[in-house]
Structure formats: structure tokens, C-alpha cells
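Once you scroll down, you'll see the structures, which are given as C-alpha cells.
Heads up, the next two complexes both have subunit A, just with different partners, subunit B and then subunit C.
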Partner chain A sequence: MAYLVQPDYVKYVCSCGQMKPITNLYFCRHCLKIRCGFCICHEVDSHYCANCLENMPSSEARLKKNRCSSCFDCPSCFHTLSTRATMVQPRQDPASGDAKVENKQPKKMYYLSCFNCRWTSRDVGIPDQPVASGGWPERVNPFANRFAQLMEYYKAIAQQEKQEKLDKERKKFAIRGNYITLTDKTGLTGAMARNRAGMPSSESTSSAIANFVLSQATEEVEELPDDYHSREVNLKMITTMPQRLASPEWQAQQVSRLQPIARPLSVKRSQRCRQCDHNLTKPEYNPGSIKFKIELLAFYHVPEVKIISYETIKPGVTSALLLKLTNPTAHEMQIQLIQPNEVPEIEEKEEPKNIEKSLEKSLNLEKDMSWKSVVERKPTLPSAIKVNNPELTFTLAQRDDAAEYDDDSHHDTNDIILWRKSNKLALRLQLTADENAKVGLPAVAVVALQYTYRNTVPPTSTQPRDHTLYTTVTIDLGIVSQ
Partner chain B sequence: MTLYEGIALIQEKQAVVLDLGAHYTKFGFTGEAAPRCIIKSEFWCPMERRYKQVYDYNTTEELYDNLVQMLHLLYFRHVLVNPKERKVVVIESLLTTTQFRETLAKVLYMHYEVSGVTWWDTGRACAATLGVGTALVVSIGAREAEVTPVVHAAPLVHAIQVPPLGMQAVRVHLANILKEDNETELQLDDNVLEDILVRTCFVPSRTLAIQLASEGCNGVRSVVCGGAGTSVRVTGRARALAAEPLFERDRDMASLPDAVLQCLIQCPRDTRRVLAENILITGGGATLPGLKARIAHELRHLITVEPYKDQLHIKTFKFHSSPCEDNVCAWVGGAVCGGADGGGRAEPRDVYLRTQRLRDWACLLHNTPPDHHHRCP
Partner chain C sequence: MSHNIKILPGATVCEDCTLEGDITIGGGTVIHPRVTIIAEGGPIIIAEYCIIEEYSTIIHKKSDKQESPPKALFIGAHNVFEVGCRLESIFGHIGENNIFECRSFVGVDVRIGSGCVVGAACCLTAQQVLVDNTVIWGSEHHIREALEKQPSQLLQLDFLSKVMPNYHRLRKPNVHKRQPSRQSTEPAK
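Right, the complex of A and B next:
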């Protein structure tokens, strides 16, 4: 809960240099590195409607423009619309006389209604439907026709241009300066310009170009009515900006022209480590489930640091900081506190270049690592507060859900270790603030952890199972005070 | 998923069109008549615990982070496609800073690994929605109005006028009038101001504007906006005069109609008449009721007075209307052109990665004639 509602007091330094709370981080078991949302690759996994929890295959979602076919949102307040049923006596046709007596049964009719703002589909004159779901009239974009014409026209021009280019190449007119003008840069235009100037094009112009009607400019501009300014303004009848933009196709300006909005779908995302292309998270397919098939969160693999309490930081004064460390893994963990500058730089191992590798490179199959240069940054860590690390290696027991029912047997408490409880441990640390630390600036202490980690990936012959890993943590201790 | 994606592999993936405006971002697919979403250009920043504008940045790195977060929002919340291996059409102003362009390219090509990007400028994209090759595009955006002459589908860069007369100027003016009329210090949120502007304000015709200036605005109905406690009285003066900054002529002649005429003066003589008969007023600001008519009135008046009377011999002004809502005009142009060429004109990713820089009209590296002695080999 604290991670959701409180500011992030403890932040971990991700391998890409971003600083994030542990709940926002991932841990790649294959690279043994912390990853975050910034340096991983997100992928759309499955589409679903968040209202009816119905899955939709991606091809169908594309066809339906990412909208659910049975759920609607209120165009007025964006709450979900509910289907209401009414009984309607079918209107008797006077011409048919009393021949159809059996048709007199009342019929169920359905309309949409918003329980939040009381908007109904009857308000805007949408006829009631005989079936409960689906069948609502679909609106077409008023400009769709003209748009299709434009599209056809430009496609024909692009086609013609391509053809001309081919012809040109065939005729070996290839010498062309590399001086680019704006016309060349963007294209479409050479043919258009020729067309405009009435020059004959080399090919016979296709019918799409010939039949296209250019937009006609007029001298008249739509004017406001003369008494517009003295008319009464009824704000209830004019839509707000969010209401207009909720349906970009129509952007109704009058409340009477609002239409139910088919509910946009949501997606489940899977996430992938960019370095090794392994999945970090993969959700279950069922939209109702919030579980994951793969869930490599840092919260389950990296020791968690929490602040218990701390003394106010003053320049040049040594103060105490109480931290709680937790081992979330199922294996015993050795932890040592070190200075952040003692963290060894992880050098990228230069893989031996064999013939296969160079072949890959020549075939352009080598993994694309261009993202590295823009994604990875060097974090700037504050150094005003020094943590006096104890020269001690603590052992943290594995996580054991049954442990809280046990009496703790070992109490090896001393002036550094305050208490221990199953996989948790409280530490008392001494902080020395720099004498020149400016009063009023945020006080941030930096601690680096060296911890052992047992990899649970099925071991290969070359990889060791136990690793020594490092992580750097920044701890927000309020502001430096007088 | 892979099963269904099989069909898509055969056909070319639809490219996405991105129009990253100062206030609103339009995003959707090529070949569609309207964007999938029009959302504010802002995102929730968990570090600063506030909504952050994309254009709110001090360093390139901050801009990079903003763009990464904004695009993540667009791709995974609204359009729901994988950015990887999909082409992008970017709609931008010709006067976008190099810093912004290069950073956006970096984010698209390297962070999201898109397969290609086509860059379209607003002027040409707007003109493309008409099908005509020559048009004078007046695009009234959030921060500035851009007057771009497009001749035979090429923008005349030297004649572009960009007065800072966008909806932001109107909004500031409206806030001032409201403050004076309500005689209190109103702390109105930008969203509230926009709401008032969009729902109550209008642009009076030229005759009415003159009449209002001499007689006062008592004839214009006032209206009360907002609910109990936070209600604001929007006077007739505020309703009618909010957009006046666009038409205020001082000695600098820096009004919007002036900018249009000055743009025409800068254009080659033989194009002036054609341009004046192919004016397209568009952009989010053009949706203000009466604005287009007022610009037409002002143009027809100004052409009869000094200094334009002697310099421009234009008799008629004709106006186009684009086949879309005004606020998405540039986007629709991008969607049409991006869809028509099938992404053939996009700069592919591997080409970008080789040099990691974009071609730009302002850069002499790309614009020096081939036989010029300054041309790099």
C-alpha cells in the first residue's frame, strides 16, 4: 500500500540509469540485471473489453477499430451505458383490421441509458431496438466518401509516378543530381505539378486522376446568423470539448447530436528484455485473470530496502538511520553494504569472434543494439551524505510463508542488527552529512548492496548457479536542516 | 496471437499518423478518414506527481523522456498496436526546432524501433486534403497561426508568416476580460477557460464588430458558466471580443489578416492571384464560430486600404473547405498521403541508423545545389 499512495522514498538504480521504486522494476533472470519500463520492450499481447471482459482476437479488433461491439459509453459523461428494456404494445395497423389478433402481445424493446447522468439513447432520437445487444445503428463519417475519392486519386498519382520512375530507369536517364528540393523530398508532387500545369504525362493518365474533382473554392464563407449575438445561449445544449473529442469522426457540437460511443478496448501487454529477448512478464490470456504466466518482478528477486526511521540530517553531524532489509527469494542470501563507488563496472564481455559471428554480421542478422546508446544513461548520485557501512556480511534466511507462526529461535542482535525475523532484518546505520551540505536541499543517502543470488533458471553447463550481484539504492531522508 | 498475425504479415501493416500539437495530439492510422484519438498532449508523470505537457522541457533528455511517455500512452492506451516494425507519418510544422525533430526521430527510430518515418509539414498536408496543388493554408493552432503558401505542392518557405496569434492568445485575452468584468481575481484553470471559449465565445462579423466597438457590448447576451460556487459570469463583451487579438492592427500591422496579405506580397507575382483564390482556413482555432467569415471580411477590407492597395492587385478571395473537421485537417492530409504511397517515401530505419540525422530544408548539407563549390562531396 505504501508503494501506491506514498511518495517513493527508496529508489533503486535500474541498469539503464533510471531511478525507480522497487515495485516498478523488473529483474531479468537471464541477464541478471534490473530492468525498468523505460529500457524494456513493450508488446501488445491480447485485446479485451474492460467492461464485458470479452477477449477479442487482434484481427477482429483491427476490423472493429479497437472497439467492443456490445458495450457502449455515455457520450455525455463517459460512464458505461446500460441496456434497459421496456414493454411496447405493437401499434395496430388500422388497414389490416382485426385479422392479426395474435400479434397483440406486448413486445420487449431495448434502449441504452446512463445511470450516472440519466442520458438515454431516446434523448437523441435513436429508435429502440428489438434485440438486447448489437444492432445499434452505425454512423458513417460524413466525409468518408470524399476521403475515399482523395485516397484513390493520390494512389493513382503514386502509381503513375512509380511507373514513370521505372520507365526512366529503363531508358537509362539515371543521371540525376542529388540536389533535393522540397518537391523531390516529398514526392507525389512531380506528377501533380505536371498535371496542374497541363503538361502531358508520359503515360496515359488513369481514370482515377481524370475523374477526380478538385475541391472548389467559393467566395462565400459560412456566416453566423445576424441575430447570433442576441440569441440566448443554452449551455446545456452545447457540448464540451471532451464530449466532442471522444468521437473524433463527428465532433458533435450540439448535445442533440451525441451518439453512444462503442467502448474502446484495452490491451494486456507482455514485456521483453531488449538485451536477451526473454519475456519479463506475460499475462494470462483470460481477461478476468490478473495473474501472469511469466512475472519477473524485481520485488521477488532483489532484496527490498525500507526505512524504519531516521534522525534529521544536519551538516557535519552523524545521525542514525534504521533500515529494514527483506529477502524475497526462496534461497538464503548474503548481503553486504558497500559504498556506491565500489560497485564494479559491468564490462560487456566481448564475445569471441568466430566465423559464425562474422557471417551473421555480414548477413545483417546481428542483434540490433542501437537502442542502447539512447536508452542507457549514467545516473547522477548525490554524495553529500556518507553512510558508514559496517564491515559485516549478514545472512538473510529465505522467504518462508509459514515462518510467522514459528517462535524465532536465534536472536543475534547487536548494535548494528536491531532485530531479525525470518527473512527480515533491521539495521542501524550511521550517516555522516557533509559539512558543506546546503541547508534546505533534499537529503539523499546512497547505499549499495552486494548480495548473493541463486539463479533458478535450469542451469547450463557453463553458467554457475550462484551469483554475486550489486544494486544501488537511494534513500530520501527529507531535507537538510539547520 | 501469432496465429492471427499471420494474415497481417502478408499485407503491409497500416502506418500510423502522428500529429503532436501543442495542446492536442492526433493519432491514428493512414487510410482512415479521422484519427483514432484526439487527446491532450500531456501524460501523468509519476516522478513529479502531476500531468506534464510534452512541450514542457528544458533539456533534450527531458524532451526525450516526455516523448517516450507520450508515445507509450498513444500506442498502448489508444491505438493498441506494437510500435515495432510499423511505419510512422509525422505531421510537423516547417519551423519545428531541430532539437525537437531530432529527438522525436531518436525516440521513434531507436526507442520504439519503428521501421520508417515520413515527415510531412502542416501546410502541404492541409493542402493535400483539397486535391489542389496550389493553396494558401492559414492554420490557426494553439500557440501560433501559420500562413503557408503552397505552390504546386511545394511550400514557399521564404513567405511563411507565423504570427503568435493562436488560441493561447485568445485564451489569455478572454481571461483578462473575465477578470475585469467579474471584478475579482479569478483563478481559472486552462480547461475551464477553454470550455468557456469553446461553448460561449464567437467572432462577430466586421460590421458587428465596428458597431460593438462604438456602442458597447450591451446587445450581446451574457451567460453564466459553471456550477454552484464556481460559476463565472461570461459577459457579452467577453463572448464577442475574446478573439479580438487576432484582428488587432497596431502600427506593426501584426494581425492575422495582415499576415495573410504580407504572405501574398512575399510570394512570386504570378502565384498571388491563384493563392488568393485558394485560401484554406483551418486548424483547431478555425472552429470558433464566425472566425472564417471574419477573416474573409477583414481581407476584403484591407485590400482596399494602404499599403496593400498599391502592392496587391487582387480582386477576389476564395475559400476552400476541407473534407474533415478543421482541427484534424493536417492529420487527415497525412493519412491520405501516407496511405496512398504505401510508406514508399518513408526514410527506412537502417538508413537513419547509419548517420543518425534527418534531412531538413534549413540545413545546407541537403540544400546546396550539386554544382555549388560549397557542396560537400
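Right, the complex of A and C next:
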């Protein structure tokens, strides 16, 4: 709970250099590294409507423009609209004078209503519907035609460019090796590329480009009405910018032209380590479930650091800091505090290139590692506050949900270890702030943990089970005071 | 303060509420427990078929320019005062079919027409007039105009007046056989 409602006092340094609280981090059990949302690959697993929990395959979602067909949002305040029922006495039809008795049955009619701002579909003159869901009149985008033309045109251009690139690549490989000719002859590459992009075959592309009509700018613009500047504005009658932008196709200017907005779909996404392509999280398919099939969160694998209390940081003064460490894993953990600059640099090793790799490249499938140079950076860690680490390796017991009920009998408490309780312990550390630390600036202490980790992934013969891992933590201690 | 509380037949008024001053409660109106109605600046007249929910407060405040005899605060029919709302209006008249949502606040300088909705936690303190069918909602007090009046709460009223006597002690109606109840207040002007 503290992680949800409080500022992030303790941040971990991700392997990409970002600093995030432990609850926002993942832990790849295959690379044994901390990952974060910034340096992993996000993939859409399934589309679903968060209101009615209906899920649909991505092709159907694309067809429906990623919107639910039965749920609507309020065009006025964007809250979800609810369907309300009313009993309506059907109007007497003068043409059929005889049928009186049967028609007098009150009929149930439905309209949409917002519980937040009390907007209703009747406000804009949408007729009530005889069925509870669906059947609401759909508005056609006035520029639908032009839109389709543009789509076709740009798809064709994308297709053309892809083709050109492919041709170039093929020429290059034709010189290097001959295994590529196999795929080349079958025409596999081109077809695959087209398939993947969801594009039509190459014949239609050239015609689509040729037939496209460019937009023409015109100097003649319709005159503004005479009373445009003098007319009194009734703010209740015109829409706000957010209301207009919520439906970009129509951008209704009058409140009376607002239409229910089909509810945008949400996605379930799985996340993947970019380095080793293993899943870090994978949600259950059922949209009603909030559980995960795979959930490699740092919170379950990396020792958790929390601040118990600290003394105010003053320049040149040594003060005390009480920390709580928790071992979340099911195995005993040896932890030692070290200085951040003692953390050894580990290069992520490149896998050796082999024939398969170059084949992958020819198919444009090879893993693109260029993201690394863009995403990764060295974090700048503040150094004004030095943590006087105790020369001590301490052992943290495994997590044991039953331990709560035990009486802890052995206590090896001393000057440094304040107390111990099952998989947790409290540490008393000494901090020395730099003489030159500027008063009023944030006081941030940096401490690195060296800890043992037992990997429970089914071991391959080459991999050891026990590892020594490192993580760097920044601790927010308020501001430097006088 | 003199206590002169008139409860017309058909009104459901819980005993556990604070009623001070000259108050008239119309038939069909339901007043939940823990409601506070204080008529210090003049009489309060609540018309038929209002719902006044728990912890709501209606005060007819004493003002500096007090007329004498004091003007009554007339609350029209079919108004709904949701839980914890507060109304301090000193203007003589509040229309019909208004909804004061939970924890809303309407200050002394606000005139209210009919069919208005003051959204949950909306706080109206500045001098203003809510024309008919105004809806105010959200923390930013967005204003819009509804096309028609809010649907009436007759079903809810029906249910409440049936259920409340089973669970609460009620105040008994103390005005009988006063047939044209509205007219008796009108000639006072």
C-alpha cells in the first residue's frame, strides 16, 4: 500500500540505468537482471472491453477500430454510459383504428444515460431503442472515402519501399552465400513480407499509387457569417476542446451534436525481456482475471529495502539510518552491503553468430539489438552522502508465511543488526554527509547490495544454480539541512 | 426559537432528526434520520414528494436585511437531497425536480430554478442563478444544460414510505384535513 500512495523513497537502478521503485521492476530469471518497463518489450496479448469484459481477437478488434460495439462512453464527461429502461405507452396509430387493446401494453424502451453528468441519449435526440444493447444508430465519418483512399495510398507506398529494400538485401546475399537461394526461389521472403504487413500483392500497389489524387489547397474559403464576432456565445451550447477531440471524426461544435462514444478497448499485454526473449509477465487470457501465468516481478526476487527512520542530514555530520531488508525468495540469502562503485560490470554477452543467424537476418527476423544503445545509459548516482558499510555478510532466512506464528528464539542482534524477524531484519547504518553538500538540496544515499540468489528455473547442465547478484539502491532522505 | 413543525398526512418523517423553527413538511415527502432542518431566518416550507436523505442540512439563514414578517423558504415538489448535502439558500423559492447530490453545498447567494442537478461534492458559493435544467458536475464544476427534467423518483418514494416505518420511529402527522395546503401559505405574502 505504501508503494501506491507514497512517494518513491527507495529506488532501484535498473540494468538499463533507469531508477524506479521495486514495484515497477521485473526480474529476468534467465539473464538474472532487473528489467523495467522502459527496457522490455511490450506485446499485446488480447483486446477486451473493460466495461463488459468481452474479449476479441486482434483482427476483429482492428475491424471494429479497437472499440467495443456494445459499450459507450459519455461524450460530455467520458464516464461510461449506462442503459436505462423506461416504460413507454405506444402512441396510438391513427391509421389502424381497430387495434386498440393490444397496443395499449406499455413497452420497454431503452436509452443511454450518464450517472456522472446526467447526459442522456435523449438530450441529442437519439430515439430510444427497443433492445437493451446494440442497435444504436451509427454515424458515418463524412470523410470515410478520402480516409480509405489515403490508407490505400500509404499502404501501397509502404509496400513499395519494403519491396525495394528486400530486393537490395537479396542482391547482397546473392554474393555471399548460396543457401539463401532456396528461400529466394520459392519466393518465400517476398510473400512473407507482404503477409506480415497485411498488404495486397504488388500488382495493385502501382495502380493505387498512380490513381491517387493529391489534396489541393484552395485560396477561396467560405466567408464567416456576418454576426460571427458580435453574436453572443452561450457556453452551455458549445462543446469543450476535450469533448471535440474525444471524437476526432466529427468534432461536434454544438452540444446538441454530441454522440455516444464507442468505448475504446483495453489490452492485456505480456512483457518480454529484450535480451533473451523470455516472458517476464504473461496475463491469464480471461479478461475478468487479474492473475498472471508468468509474473517475474522484482518484488519476488530482489531483496526489498525500506527506510525505518533516519536522522536529518547535515553537511559533514555523521548520522544514523535504519533500514529494513526483506528476503522475498524461498531460499536463504546472503547479503552484503558494498559501495556502488564496487559493483562489477557485467557485459551482456552476445551469442555467437552462426549460419542460422544469418539466415534469420535474410528473412529480416534477426533480433535487432540496436535498441540497447538507445535505451541504456549509465545512471548518475549522487555521491554527497557516503554510507559507512559494515564489513559484514548477514544471512536472511527464506520467506515463510507460517513464520508469523513462531516465536523467534535466536536473536543475533548487535550494533548493526537491530532486530530480526523471519525473513526480515533491521540495520543501523552510519551515513557521512560530504562537507560541501549544499543545504537545501535533496539528500540521497546510495547503497549497493551483493546478494546470493538461487535460480529455480529448471537448470541446464552448464548453468550453476547459485548466483551472486548485485543491485544498487538510492534512498531518499529528505533534504540537506543546516 | 419557537418550534412549530407541521407534518402533513402522507409525509414520512423520522424521529431522529433535528427540526428547528417554523417548518412545514408536505405530504409524500420522506425525511430520513439524522437530517437537520433549521428555520432561523423564517419559515421553511417543503412541498410534496421530496426525498431528504441522511445527514443533509437545510438552513434558512438569518440575513441582515431581514424582512418582517420573515419571508418563507419554499422548496418545491420532487426535490432530492442526497446524503450529506447542505443548502443555505435564503432566496424565497427553490424550484421543482432538483437533485442535490451527495455532499454538495449550495450557499446563501444561489438562486435555483427547476430540474437542476448540483453534482456530488460541488460547492456553489458565489452569487449565481441556476436556470432551469442546469447540471453542474465534477471537481471543476462543469456546467451543462439538460434537455428535459430529471426523471422523477416516485418509485423510490413509494418504496421508502413503505419500508421506513418498519425500521424507524416516525413523527406523526400533526396537521389534518387542511385541504388546499398550498393556498394557506400563499395569502401570507
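The definition used in the following text is that the second predicted complex is superposed on the first by the 370 of 482 C-alpha atoms of A that agree within 3 Å, B and C clash if a C-alpha of one lies under 4 Å from a C-alpha of the other, contacts with A are read in each partner's own complex, and residues count from 1 in each chain.
Note that in this section a residue touches a chain if its C-beta (ideal position, glycine included) is under 8 Å from a C-beta of that chain, and two chains touch if they have at least 3 such contacts.
Values in this document were obtained by computation on a predicted structure and should not be read as measured data.
Chemist: Please determine whether it is subunit B or subunit C that touches the greater number of subunit A residues.
Modeler: B
Chemist: Of the two partner chains, subunit B (first) and subunit C (second), which one does A:Cys77 touch, if any: first, second, both, or neither?
Modeler: The answer is second: A:Cys77 touches subunit C but not subunit B.
Chemist: Go through the superposed model and pick first if A:His229 touches only subunit B, second if only subunit C, both, or neither.
Modeler: The answer is first: A:His229 touches subunit B but not subunit C.
Chemist: Once the shared chain is lined up, is A:Asn116 touching subunit B (first), subunit C (second), both, or neither of them?
Modeler: second
Chemist: Touch test for A:Glu249: subunit B only (first), subunit C only (second), both, or neither?
Modeler: A:Glu249 sits against subunit B, while subunit C stays out of touch.
Chemist: With both complexes overlaid on chain A, does A:Phe143 touch subunit B (first), subunit C (second), both or neither?
Modeler: A:Phe143 contacts subunit B only, not subunit C.
Chemist: Between subunit B (first) and subunit C (second), which does A:Asn279 come into contact with in this model arrangement: first, second, both, or neither?
Modeler: Neither partner.
Chemist: Looking at subunit A, which of its residues have contacts with both subunit B and subunit C?
Modeler: In the superposed arrangement, which is not itself an observed complex, subunit A uses residues 235, 240 for both subunit B and subunit C.
Chemist: Would you mind writing out the residues of subunit C in touch with subunit A in their complex?
Modeler: 117, 119, 134-135, 137-138, 142-148, 150-151
Chemist: So in the complex, the part of subunit A that touches subunit C is made up of which residues?
Modeler: Result: residues 76-77, 86, 116-120, 122-123, 235-237, 240, 255 of subunit A touch subunit C.
Chemist: Within the complex, which stretch of subunit B touches subunit A?
Modeler: Its residues touching subunit A are 1, 4-5, 7-8, 24, 26, 28, 31, 33-39, 46, 49, 61, 64-65, 68, 72, 76, 78-82, 84, 106-107, 109-111, 113, 120, 124, 128-134, 152-155, 157, 191, 194-195, 198-200, 202-205, 208, 219-221, 223, 225, 236, 239-240, 277-279, 289-290, 292-293, 296, 316-325, 327-328, 332, 336-337, 339-342, 344-345, 353, 359, 361, 366-371.
Chemist: Using the touch definition from the top, list the residues of subunit A that touch subunit B in their complex.
Modeler: 7, 24, 38, 41-47, 57-59, 61-62, 65-66, 141, 143-144, 146-147, 150-151, 153-155, 157-158, 162, 177-183, 185-189, 192-193, 195-197, 212-219, 221-224, 228-233, 235, 238-241, 245, 248-249, 251, 264-267, 269, 368, 370-371, 373-375, 377
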